[in-house]
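This report concerns only the one structure given below.
Letters A, B, C and D mark the chains as written, and numbering starts fresh at 1 in each.
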């Protein structure tokens, strides 16, 4: 149902205006006031009717609420919303419905609706998932939606992402080749195998689900975390990358709070909405680091 | 930003040692357990028996190595677990010292025991 | 962001049931590892009685062995050690990048195998304990 | 107040490229964006980037295809610049490490795309936009360019001269979504708008929820004319339930379309007997809807797109992402069954009028990317031509804003003396009661005749004060209309009336609906009173922008009584070159929108074009 708000009982009739122009204004004014009143009444009833109003199946959505500024929301709590269920409905659709129909202060990040922007990773029924990629029909009801664990909550489902971004950016996530072909329109060559090798790692959408699921990241704030290590992997394994940057980056990830902290819990790999084999990548880098260091012995 | 991750030593060495000791321990620990619970039963152990076993140089050396690796593996494991919980600064320094001393003590005491049993 | 916003009860509500195989393996491995270190220290101190002579050594050992609790604890130790060994082997394979897709299955296998070995060893361990 | 040389509004492909270019010119640049850059909708682009890279291809051919695709509503100087620069820009991306799909010899792969005479679409799997966006952001990180993410830009700080050509842009006003802080951003050298699409004016769209046409609406209200707004592209292959796009790459690789009767209708019903499924998007969209309207659709709603015959290996190699999309959002396994598809709003060819350097008529104000209209796509955009547009014109705008001298532009901007005006018989613009409170001039200050004497800092702080007041008013209201209702009604009407098929009555109806929505919007209120992460407030302000752009789209569509490119009129089934080789321009005119026209430029820096029949 995308982002469209479902029709409500306040749908206005659209009688076509015969004449247009200024003369229509008082008319409009009148109608506007009427509508306004009707709408206000309807809204008051809405909540009460909610449970009985919808025909067909409904599903209960329990959403974590918190706002440091608003009285009554300073204490974290769960709010319940009854949402009409349709086949194909995602958790994000349900949240949008709840927001547009019941409580416009319900706050969550979202944008693309197609699992590429990475803004709507939530803790849904106890695991980190993208709201837009999770079918309501596949979940146990009632559906419980919380902000990502182990991150500061800004408001409702919105968490502070700065720490995650810092970690992502600390592995020098950019390409830095030693030299570039200088002929006009000359590209660097990359074998298909090599592209294949890094392909999965380039899929990351910075949603932070992996980081939130990792117990080590929860305990050790300095731990780079699976996403950042995967980002490093993406460059480290790229055959086009320059030798010097490669070494520098390896030094970053093999710091005490780098790859060694990973205890192969696999939960990152399990929650990643882009199916990136994170644990495998981390392990590969550990072995690379050991190999590199053995060379100097 | 690399300086934020400065550390006192490369993680790869201890990480690798933890694995190598683990691989070694699999064999020795299994042998040790089997030896003292199934071949000789624990409830039958006596000083004389221990002494007999320990007097063999091979066994003695294996046991000392067992002790050293197990201590390293165990102590380093505990230290890792603490770092995973995010200890930093003073606490981390303290953990290093305490664990290091405990490990040393354990190895020294263990060797004394072994020496006694071997009759050195 | 050095401390996390404390969600109190909300944070913990129902959380443990949602652990997955890899996390349980980690928890168990940690627990068993700590027990083993603890045992190693105890073990050496018990053996240290040998420094006071053969008599003391024999007395301590047989004294301990005659206690049913100790026998039961020994079975526990076996369980702990066997799990740590098996899961340790699993982890070594994971470090080598072998069988990552089956990591949950290999964890369950370690659990089952531990159970089997422990049950099979109970008679040997408890002989004459009661 | 924050201060930088160049301020880029928006962190999508266009914004990031502009920022990098300006920074390379030595400017102190900041990106102000309502989403963190990697969350921009550029990341959703799937198919690819067009550029003439190989032997046997040439930029002239690319330019020719683009002009033909535009149905001769593109401006030649823009098209030439575009086709000539695209190869360099694409190679630049490769040098920055973008993981393109590769050939056996290690060079970047290219594939055929609709409307192109050569397979010149470079791609990275079916996630080209994702890789491009991340590659660009990586370079931004590398350069340490300042990013104010989750800052919502709500207005431009522009001086108040009567004639928009005399106005000057000194910065923007934005608020930090997370904390609610409102702040002015002064730009010493220039402001570059790169706010992306406006798909949220429709309810079935491939665009993100954040694509609300903010930049277009802000520039429009600051006096910059907006161009060819009626030219909205509908993509022929979107999933029916969500609007999620199935890339043209599927057809490029050989996917076929068929109707409920199992007929390959593109050929059998003669919609495009040469190119079949690979005909231009507007042609395919209309073909599908005709099939559906004539009862040969499935469930009266969609047709099938089938790629099974391509084989699993080829599909997973080149279109793997499509399998995930079809599975996650429609529950269909693309390897086993055909995928249901129907047309959906996809792209706005029109936008803020700029010249070929991305400059608008207001001094110091630039626009690039989907929100701009250099007039490259004309009446119809070819698949794979938007991503190169972002980098080509993003870079040009960035460099120009940072002070590089590029010489004289061939494209003229801003309202000119001899306007070719058009009147509509339907009311547009602000409803009567609103006109006194309407911003009389660019930034809401008092209008002045000749020169605005305020310093640039004053202009910015005045704009900031006005904005603070506006937000205060919205937050103070205790009761009123929820913006979501207004937005929903607007979207429904637009999808019903200003769609692929357009009728006079429908368009008039839409203008009425918009007018009515505008009136209701006057009573809009924000229920959430919190200053922290107030998305209610943000969406409310966005809805206002949607109203303005929807109105301009519909006005242009109603006036243009011909059939050109994406714009199809029931009553007027032919392209009227004698009358309509001209761009639709809409000027805000202080709340009383004015419709006027500017001739199409068919003579470029190097090439001159002759309108030809567009058949595929």
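Basically, a contact is a pair of C-beta atoms (placed from the backbone, for glycine too) under 8 Å apart; a residue touches a chain by one contact, two chains touch by 3 or more.
Because the structure is a prediction, the values reported are computed rather than measured.
Visitor: Count the touching C-beta pairs: is B-C or A-B ahead?
Guide: The greater number of contacts lies at B-C.
Visitor: Could you grab the centroid distance between chain B and chain C? Build each centroid from C-alpha atoms only and quote it in angstrom.
Guide: Whole-Å distance between the two chain centres: 16.
Visitor: Whole-Å distance, chain C centre to chain D centre, using C-alpha means?
Guide: 62
Visitor: Where the CA atoms of chain A average out and where those of chain B average out, how many Å apart are those spots?
Guide: Inter-chain centre distance comes to 45 Å.
Visitor: Please work out the Cα centroid separation of chain B and chain D, and write it as a whole number of Å.
Guide: 66
Visitor: Which chain C residues sit where two or more other chains touch them?
Guide: Chain C, residues with two or more chain partners: 91, 95.
Visitor: Going by the contact rule already set, what residues in chain B reach two or more other chains?
Guide: none
Visitor: What pairs of chains are touching here?
Guide: A-B, A-C, A-D, B-C
Visitor: In their complex, what parts of chain A are in touch with chain B?
Guide: Going by the criterion above, the answer is residues 166, 169-170, 216, 219-224, 248, 251-252, 254-261, 263, 286, 289-290, 292-293.
Visitor: Using the touch definition up top, name the residues of chain C that touch chain A in the complex.
Guide: 1-2, 4-5, 7-8, 10-11, 14-15, 17-18, 20-23, 25-26, 91, 94-97, 100, 103-104
Visitor: Spell out the residues on chain A that touch chain D in their complex, using ranges where they run on.
Guide: Within the complex, chain A touches chain D at residues 1-5, 7-8, 10, 12, 14, 16-17, 20-22, 24-25, 28-29, 32, 35-36, 39-40, 43, 67-70, 88, 99-100, 103-105, 107-119, 133, 154-156, 158, 161, 165, 169, 172-177, 180, 185-192, 195, 198-199, 202-203, 205-206, 235, 238, 240-241.
Visitor: Please name which positions on chain B make contact with chain C in the complex.
Guide: Residues in contact with chain C: 19, 22-23, 25-26, 29-30, 33, 37-38, 41-43, 45-48, 50-51, 67, 70-71, 74-75, 77-78, 81, 102, 106, 109-110, 112-113, 116-117.
Visitor: Can you tell me which positions in chain C touch chain B when the two form their complex?
Guide: Going by the criterion above, the answer is residues 30, 33-34, 36-37, 40-41, 44-45, 47-48, 50-51, 54-55, 57-58, 61-62, 65-66, 74, 78, 81, 85, 88-89, 91-92, 95, 121, 124-125, 127-128.
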